[in-house]
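One chain, chain A, appears in both complexes that follow, with chain B as partner in the first and chain C in the second.
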Partner chain A sequence: MSGYWLLIPEYLLLAGALVSLFGDLLPGGERSSAILGALAAFAAAAFAGFIGTAEPLFGGMLVFDPVSVFARVSLAALTSVYLLWSGGRGTGSERSHEATALVLLSAVGGMLMCGARDMVALFIAIELSTMPAYVLMGYRRDDDRGLEGTLKYFLLSMTTSLIMLYGFSFLFGITGVTGYAEMDLTGAGVLGVLATVFVFVGLLAKLSAAPFHYWAPDAYAGAPTSSVAFVSTVPKIAGTVAMIRLVEALSPGATQLPLLLSIVAVASMVLGNLAAYPQLDLRRLMAYSGIAHIGYVILAMATNTNTGLAAAVFYMVAYALPSMAVVMIAAEEGSAVEQLSGLVDRRPWTAWALVVFLLSLVGIPPMAGFFGKLYLFTAAFGAGYRALVVLAVLMSVVSAGYYLRIMREAFFGERVSTPAVERSIPATIALVLLVVATLGMGIAASPLLGYLGVSF
Partner chain B sequence: MSETVSPVMFLILAFATIGGAVMMLSTRNVVHAAFWLLEIMVATAGLYLLLSAEFLALVQVLVYAGAVSVLVLFVIMLTLRRREDAIRPYEPSWAGTIIAALFLGALYMAITRFVPVIAEMPEKVPGVADFGREMFTTWMLPFEVASLVLLAALVGAVWWSKGGDGR
Partner chain C sequence: MLSIIVFLPLIGVVLIAMLSKERESAARLIATAVAAVDLILASLLAVNFDVTGGMQFIEKFDWVSGVGIQYYLGVDGISLPMVFLSALLTLVAVVASWKIEVKPKAYFAMILLLEVGMNGVFMALDFVLFYVFWELVLVPMYFLIGTWGGPRREYAAMKFFLYTLFGSVFMLVGIIALYLQAGTFDIVALTDAGLSPTFQWWVFGAFFLGFAVKVPVFPLHTWLPDAHVEAPTAASVLLAGVLLKMGTYGFIRISLPILPDAAAQWSPFLAALAAISIVYGAAVAFAQTDMKKLVAYSSVSHMGFVMLGIAAGTAEGITGAVAVMFSHGVVTGMLFLLVGMVYERTHTRVIEDVRGLSSQVPVAAGLMAFASIASLGLPGLSGFVGEFLSLVGAWRSDMWPGWVIIAAVGVLLAAAYMLWLVQRVVLGSPSHAVAEIEDLEPREIAVLLPLVALTLGVGIYWDLLLRYVDPAVRGLTALMGA
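Let's turn to the complex of A and B:
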């Protein structure tokens, strides 16, 4: 049993979580626990970048290949930026060091999910990554609406976890193994399809893909906006990696999988984009647009080619960066779209940063989102999903409508409102880092994709 | 260990399990239903014991009969305002019946058509000691991560139960 040192990033995050649980005792009060957590997560990202080995660890339970290294680094780095930002602003009336600890624990689960190639390891990692998310979503204990949204999220997420576990139990019963490497579903017939459907229902619900999306808008709208910035982005990166691994492992036996994934992709793209249009609350809008973006990612997964799967992970990170930033800005300026009006007079730099993030979400070059979509659609087109790619491009045009509406409000809105939260230095650094990452990931898209083992 | 399990014991336990399930679903009193659930859990543990799966039987009694049933009773105790609320009217729903029937049909078809990969029984039935050794070597990582899940749940439970003042 060697290989424990390869989990150094997880140990760092865990150490940060345990220390920040005792945040009152730290010098500098509870805000220092968030900054400490940000440092731990940054160190974890740095270490995760150096730890890459195609050798299976722990009897094949974890594999750190380039795709999972990329996802682990992005996940830890985004956690670090998030904690830096939340360290600057705190969590309103509630104290914040439990939130820091929970964010770090969730990140540990996400990091393990990125490497997991075994059903047992995957399930327990998913639980570790979602369990803190429930608490974060209901972090304000005096807010009844938030607690109602949390309860909905908790019950639905638990139910889908159990459906997934039910599917896993069938897979184990059919194949007799829990590792993906020896998993072979060929010849399992109807039971194999049933098991595959159960497993993917669970994962799709965690990623809030249609038709398992309905918890997301309510849960996000009720939750503290600062928690939404984390929960709606970071765990989804890990979820995407977990899902592409299962697509790889189960595809040979379940021939209907591409069809099922295409249906989910179309439903998510159309429903997410159209439902985002009339939303007046930024959290609800981002929830629906998140459903739409997951639709694009699943379209690439349906191809089940190395190119498509790597493009899916790349796109998920390219989506998570600006999406987290937009929700962060919403947390500071107020969560209704109209509260952004007059942002350009009030905080010109934030307004221009918002432009960068929204254009990246629409998919305008040279932002990360453009390259993400380019690779995604090229992969799907190459695999023969021509009609679906045309639909996806049309839907991205539709999405420009509601993203530009946010921009119009920020630049030409009549009403001038006061910001909800004062901007602090760490929060400014966090937003600057996200702008740099959104632009930089676009510029470095080609070498990054090369690292993921894909060339266009 | 005998080649086949005792048919008399099996029939008694199977009757207890299925009969308990029918009783649980047909009783109108939620407290009674909770006790029938407890009975089903214990009977299932007996079935596991019959198959020489001691550890599974142990876990079944500890987790399901011990923890889950008590949790259900606690929830009933905390949420019922009056004693009469424990008795719920019977509301048959066609949609529910159809979904249940479809699910049963699909599952039945899938299981009967499926040819099991592992047909032969292992030479030696692994005991609790083998299980423990396996759990703390091969499955060390998931085992440790499970403790972190519990830690996160604990922090959350303390957070929500500590009242509203916050500091």
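Let's turn to the complex of A and C:
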């Protein structure tokens, strides 16, 4: 096998994780491993981009097509930004080295998920990606609520993993293969439907799509906000890619799939947006908003066109950027919405950056979120999901309501609260990078879309 | 040239953002300079414009090539007056806000950002670009109302944002539908896409929601009084003067030429809404005790004339519509400025409390009387041109004449409530609040003078405006096959 060098990004992340575990031996104290990890992740992103598309590895287990490359680069880059930010915070716990290692391990799993085109490879990658997430979410051992949320997350996630695995076993039984390339469900009948449902229920739960979303708000609200910034965004990019691959592979035989996905899309958009409204805690609010955004992404998946699937991945990244940033700001200013009060006087630049992020989430141009929605809705509309697109745009108006509430608090709020954390230079750089990416991904999307093959 | 006009204010925003806290008073200087240069450029545009030349100063290149999104700017005789209006009113708004003390940096940055969006909307000839500028306008206006507005500013800002967003997402669906059908976002190319009438009908509906909220047309107008009453003076000027025009401009630039069959089908409905808006706005204006609210409702009424001309679909009607858009921008700008100036002195906008301005502050009173009379459409002033043409155009179109008659009644109502306002506010003996106040200072007069000059100029010499508008509208109606 000569293609091992294609996995250099993964090796880099893995090396970073292993070194971080022994971070106490590094010079530079608490921050060292996070900064090191950020560098490793950055190098991984650069290598993933440099390697580009390539021949599949391990007989088609891992593919390196444009979508996969785009997702790998975004995932590693976001991990890098996240570690830069968390290294800059320099707070948290006595175990910040471990946290870095866990983040990097989760990123390795995510990177593999992006390329996986084989059930076995996918399952291992998913577990590698989620296991560290459990620990990150329950990082505060002394917090009962956090532990409850984590337990919920863990149990549900394990259960859905098993359901998915069960579905995989059906698929293997029906088709006799584990690779997607030769998988053909045509004529499998009820068994094929069951297998499809099992597999997707598992994936949908991981992506926190309604009606399998219950764990998300509780888990996020109980977890350290800084962990939520990572767990609620980066793994979802990988999950989206994994899911579009399965949609592609299973669609020929599973005629009910578009219907299933449409139902999930509608449920997620409506429930996520409406439930986000009354939330007073930013983590819960972002959990519900994440459910809503996944709804849009699944709407694009239901099209099962190349453009629709590429638009789904594009949208996911366009969502992850500002979403991560908002949770980061929440980690610094306090996770209750009202703790943002007076932000514009306290930290005007952060407040204006927050505007960019929130408006991107609403879908206001020229931010990335708008272009993500534009391509996604166009793909869905073109595939005939007209009523769902109308519903989706209406729901984005609804979402403006609660995002504006955050903005209102930050800009017009009368209460004055003090920030939770001092701002450091690396954290500032991280936020600036996210602002630039949120603006740039939309305005300069032309090469990116060409690369992904989005065309109508 | 056009790109410079659009993005010059953005440079101003960056410059203002980089000012240190100690030198934040320099923000107004930067804003004034940038807005003035922009106005000069817009005037140069008007001077160098070839009135028979159709779309001009075109800038066109691929933006997102794979999807066919272009960066495509251009102006014709319909958009040029709007660009000029937006540049002029921005400068007016900046100078009028000279004395702002709360967060001046953010304030002037927001006004300049607003100008980027406004200029862009009137120049964009690609749907995505158009939508980008269209939505860009929301953000600064949201902050202008929300931060520097009156007591209920947060509510008003939120309502403004959500209402307009609600309309514009339907426009987005319309844009997507058009794109999938015709394969392009090019607004000019779409005019001969040969779309089926049924398809047009639906898309027209989607665009209608987007534009009608912005205009606003009854019954989608309810955000407007709230936004106007709470907004600071400069924001009111720009809101009424330019932002409302974006809606009617959208009808003229997009709905009529791209969807002509649907425009004909929807015409009776538009005519009805226009007539209702005219009379409803006027009637509600009558009942107002707050001067600003009165002007706000009069805007609903005046924008009804624009919609009437658009519903008519005839050359006179559309020319009249554009003329009302321009004139209303200038005249209502004046009215809001004067109301704001009086408010700064008396700290009240209640008509009962502000009486007898003429004996205490003759200059302000005179200008107030002038603006009010211009607003009611007296011949010889700019308001008359457009309302006259749009009524004539409507009368000569296929619409039910009843709507035209109702609209004409609206003219009478406008005369009545405006003259009544003049009688109460300008004439009579000074009330308590007015007794001590000072007259306008030179800066304030300088702000108003260009608007007065335009009102007179366009009113006496129609050709000043119509030489641009008329050929462009004839080209448009030729496209519509009317």
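Going forward, the second predicted complex is superposed on the first by the 450 of 456 C-alpha atoms of A that agree within 3 Å, B and C clash if a C-alpha of one lies under 4 Å from a C-alpha of the other, contacts with A are read in each partner's own complex, and residues count from 1 in each chain.
Assume a residue touches a chain if its C-beta (ideal position, glycine included) is under 8 Å from a C-beta of that chain, and two chains touch if they have at least 3 such contacts.
Quick caveat, the model's predicted, so the values are computed rather than measured.
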Q: After lining both complexes up on chain A, report clash or fit for chain B versus chain C.
A: fit
(Q) A:Gly176 in the overlay: touching chain B, chain C, both, or neither? Say first, second, both or neither. (A) first
Q: Have a look at where A:Tyr134 lands relative to chain B and chain C in the superposition and call it first, second, both or neither.
A: first
Q: Would you check which partner chain A:Ile364 touches, where first means chain B only, second means chain C only, and both and neither mean what they say?
A: second
Q. Which holds for A:Ser251: it touches chain B only (first), chain C only (second), both, or neither?
A. neither
Q. Who does A:Thr378 touch here: chain B (first), chain C (second), both, or neither?
A. second
Q | Angle, in degrees and to the nearest 10, that opens at chain A between the C-alpha centres of chain B and chain C | A | 150
Q) When the two structures are overlaid on chain A, which partner does A:Asp142 contact: first (chain B), second (chain C), both, or neither? A) first
Q: Once the structures are superposed on A, label A:Asn306 by its partner contacts, choosing first (chain B), second (chain C), both or neither.
A: neither
Q. With the two structures placed on a shared chain A, what shortest C-alpha distance in Å links chain B and chain C?
A. 37
(Q) By the touch definition above, which chain A residues appear in both interfaces, chain B in one complex and chain C in the other? (A) none
**Q.** chain B-facing residues of chain A, complex
**A.** 1, 14, 21, 58-59, 61-62, 93-95, 98, 101-102, 105-106, 108-109, 112, 120-121, 124-125, 127-128, 131-132, 134-135, 138-139, 141-142, 173-176, 187-191, 193-194
Q: Mind listing the chain C positions that touch chain A in their complex?
A: 62-67, 106, 128, 131-132, 135-136, 138-139, 142-143, 146-147, 153-154, 157-158, 161-162, 165-166, 169-170, 172-173, 176-177, 179-180, 183
Q | Touch list for chain B against partner chain A, complex | A | 106-107, 109-111, 113-118, 137-142, 145-146, 148-149, 151-153, 155-156, 159-160, 163-164, 166-167
Q) What part of chain A is in contact with chain C in the complex they form? A) 344, 348, 355, 359, 362, 364-366, 370-371, 374-375, 377-378, 381-382, 389-390, 393-394, 396-397, 400-401, 404, 408, 411-412, 445-446, 449-450, 454-456
